[in-house]
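What follows is a short report on a single structure.
For reference, chains read A, B and C in written order, and residue numbers begin at 1 within each chain.
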Amino acid sequence: MLAVTNLTKYFPVEKGFLDKLLTSQKSFVHAVDDISFSMNRGDILGLVGESGSGKSTTGRLCLKLIEPTAGKIVFEGVDLSSIHGEELRRFRRNMQLIFQDPFASLCPRIRIGEAIRHALSFQGIGTQSEQIEKTQVMLEGVGLKPWSNFYDRFPHQLSGGQRQRVVIARALVLNPRFVVADEPIAMVDVSVRAQILELMIELKKEFDLTYVFITHDLAMANYVCNTIAIMYLGKIVESGPKEEVFEKPVHPYTLALLSSIPVPDPKMKLQRMIPSGEIPSPINPPKGCRFHPRCPVAQSICSQKQPELVDVGGGHLVACFFDAEKRLT
Amino acid sequence: MSLNIQSLTVEYHTLATKVKAVDRVSLSVDKGETLGLVGESGCGKSTLGLSVIRLVPPPGKIEKGNIILDGIDVVKCSDDEIRRARGRLVGYIFQDPMTSLNPVKKIGAHFIEMIRTHEPKVSREEALKRTQDTLESLGILPERINDFPHQFSGGMRQRVMIGLALALNPRLLIADEPTTSLDVIVEAQIVELLKRLKESLKLTLILITHNIGIVAETADRVAVMYAGRIAEIGESSGLFEKPLHPYTQALLNSVPNIAKKGQVLSWIPGAPPDLASPPPGCLYHPRCPFAFDRCKKDEPSLIKHENSEVACHLYD
Amino acid sequence: MNVERPRGRILVQFIPELTGLARRGLAGWAVLMGGTIVAILGIMTIVSPWISPYNPIAINVGPILSPPSLRFPLGTNHLGQDMLSRVYSGGGIMFQVAILSMIVCLLVGVPIGLFASFAGGHADKLASLVMDSIYAFPGLVLAIAIAAMLGPGVVNMALSIAVVYVPSYFRMIRSQVLTIKELPYVEAARMMGAKQRTALFKYVLPNVVPSIVAVATINFADAILTSAGLTFVGLGLPVSTPDWGWDLTYGRRLLTSGAWWVIAFPGLMVVLLALGFTLIGEGLSELYNPRLQK
């Protein structure tokens, strides 16, 4: 359904006036650097990474909210770089975004029923009464029953979980086939998160959706997704079916992530492999393998060449020069 | 260093209403213990933490109850006494490390000023030396002593906050959401740092968070708060294995555990009560699958059950 | 999608909010008090033809420069005009000038602010350059210069004041738009396929309006003071119209001869009117900004 090849996005860094005068060198934030992956219809891809990994940028590139610096994105056979203007505006109904912050993603002065209906009216679907009807059905579809209770409310009159449902309703009322969810439950209360996730899974079955689930929460990604791609500083370091990546992790960064997640069970004694230091700035990423300065098993080659994604069996791809797990045991 | 909170009530007075952010909470923390104070947003855990150093922001006010900190009654003592207690008896790590540091002051200056304000006899050289030692123990390179906060990453700033909280060698450390805005790996680093410092400095630690995972890792005892009241307190292993209060059970079931295969997450329907007009009886009853008649009328109080204390009529 | 509909709905939404003002603490009281002051002065000006004991521009209705008495409660000025009648009707010009200048500012400053900052890039840079240049001039000096060029009259006064204050509107709107256009809900509008214009009017504008109201009311106060200033230096109005500004001008000169009442009462009115608008403006800023947090 989606094929991404050599996707790259560099953001220019705004320099102060004096810097512009004194140095001619431009610097860039290497948000996404030459990544390639593909998705089949019905997949739920977990795009996992920490800050600076480029996961949010990747999501927005796939939705053509930002233009890539290089690379190609082909959605259902259509090269996204070939669509512009009015055609792009209409194309938007095929792919939608669910935002992280349920409060900031709803205009505080627009009633939520109207906010959802806007999606239909911007795309020119149906008459006004038809749009209102579809909105009502959608509200009930996300569990805000009866719709009459909610249609005229403002966002600040709803709870965080309810607002997130409105965001989901707004995204799905256009019947898109592809949905990018950017940390959809990070700002929702813990006890309500599973409810939103269940809703998203149910709606996936009902509308035959394909999801990209952007998150830093590996446990949630494990619960919901069927394929995972782990990103670090703009590159995909490991990807594959969930069972492969989480149960047989290979890349040292994946191992680090998995051993860093707090486990809600005091009896489990964790074998921790926490790398020292922090994520370097994406403006000047390390040469060679991006992870090598913090990698416990780095060799000299790691600082010179960038590893490519290699298939280690069953669609499990790893970008590392060494079979790290073997080395650790 | 022991902390004893007796029947504490903290209210927020707005023009329209009165909200009980903390309602008759009693708990105690023994010397050397780590208490995890767990709850979701709005349950009052932060307010409870701030009460211990009497920094509840207005319009909040401590209405009733006692907080005995190492012999001093925090609620009733004088302004001078509480000022001396802050930093010296209790270190507090505030919620947002990004905005808690002065952006125009160098990191070293933060420490030196703190030390010399509270201990004026300390010379500048000695304060500098102590700062360098502290930075080293926090895992910060000593040459960064002259950098400004914006030059530090989130994790580094959190370490600085921890260092500042411990600069005057308090015996009690309260950490309010110490890892919330941090990345996964940095979060693990900070948790390890806290564990290490606790051991080496023999601290008593109160960890306030909504992250059940780090509580499981670090706490000896856990207190679960809901809508301003304590729902359950017990030893960590016991509470996780056999949670008593229906809220605790539901909360634990809603957190994904990557090590558990085939887990089915549950959730809690409805929303936390509006504390301006709370429901009668047990505050949790509208969402509780086990609620019966008594729950709608009588407020449950904390009672002992096996090794824990729980506020639920099911155990009465 | 026409522009008028969103604005109409906004006004209707404000009415129930007004009734809740009293409960909103100090800021709410400021707005109510300011509103009351302005309303009283406004009504006073409107009904002045009916309540003035004498014709405000008729000269020699009483002895020249007589202090406040039963017959002339606020005294008379150097032309024998009744000060009370002049105080009743003197606000008229000020209101007209202030309202007119506000309308011009809204019609010019708001669209430029909205479009330039939403579009960004060169349009934004150019507009900011022009506006900042105007803003750099001291207000009264610039107003005087423009009024001197344009000549007397209510409209010209309004225009000169408008030019001085358009940059304030522009800057406020620009800062709001720059923040709002980065917010997720504007991105959401794009995701839904909204045209740029639609996103601007339906999603950005409604959130900018509260701050426009706050700027407008504070600038109203400034406009009043500036119009008094313009009249004070002799620009703007024919002498015969009753106007607090004129009374201030002559009153100043008459102070030395001891006739304090000529400047005092009109001066008090000007201060009250400016105060009223300032209270409303400050109150509204307080209400609309912190309300979004907690």
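Convention: a residue touches a chain if its C-beta (ideal position, glycine included) is under 8 Å from a C-beta of that chain, and two chains touch if they have at least 3 such contacts.
Nothing here was measured: the structure is a model prediction, and the numbers come from that model.
Participant: For this structure, which two chains share the highest number of contact pairs?
Facilitator: Chains A-B share more contact pairs than any other pair.
Participant: Just grab the chain with the largest centre-to-centre distance to chain B, centres being mean Cα coordinates.
Facilitator: Comparing chain centres, C lies farthest from chain B.
Participant: If you average the CA atoms of chain A and of chain C, how many Å lie between those two points?
Facilitator: One centre to the other, that is 49 Å.
Participant: Quick one: chain A and chain B, Cα centre-to-centre, how many Å?
Facilitator: Here chain A and chain B have centroids separated by 32 Å.
Participant: For chain B and chain C, what's the span in angstrom between their mean Cα positions?
Facilitator: It comes to 50 Å between the two C-alpha centres.
Participant: Would you please write down the residue numbers of chain A that are in contact with two or more other chains?
Facilitator: none
Participant: Inside the complex, what are the residues of chain C that reach chain A?
Facilitator: Contact set of chain C toward chain A: 10, 13, 183-185, 187-195, 198, 202-203, 206-207, 292.
Participant: Over in the complex, which chain A residues touch chain C? Could you list them?
Facilitator: 63, 65, 89-90, 92-93, 96-97, 99-101, 104-110, 118-119, 122-123, 167, 170-171, 174
Participant: How about chain A: which of its residues touch chain B in the complex?
Facilitator: 50-51, 159, 161, 189-195, 197-198, 216-220, 222-223, 246, 256-268, 270, 272, 274-276, 278-279
Participant: Quick one: which bits of chain B touch chain A in the complex? Just the residue numbers, please.
Facilitator: Per the stated touch rule, the residues are 40-41, 153, 155-156, 183-189, 191-192, 210-217, 219, 236-237, 240-241, 250-252, 254-259, 263, 265-269, 271.
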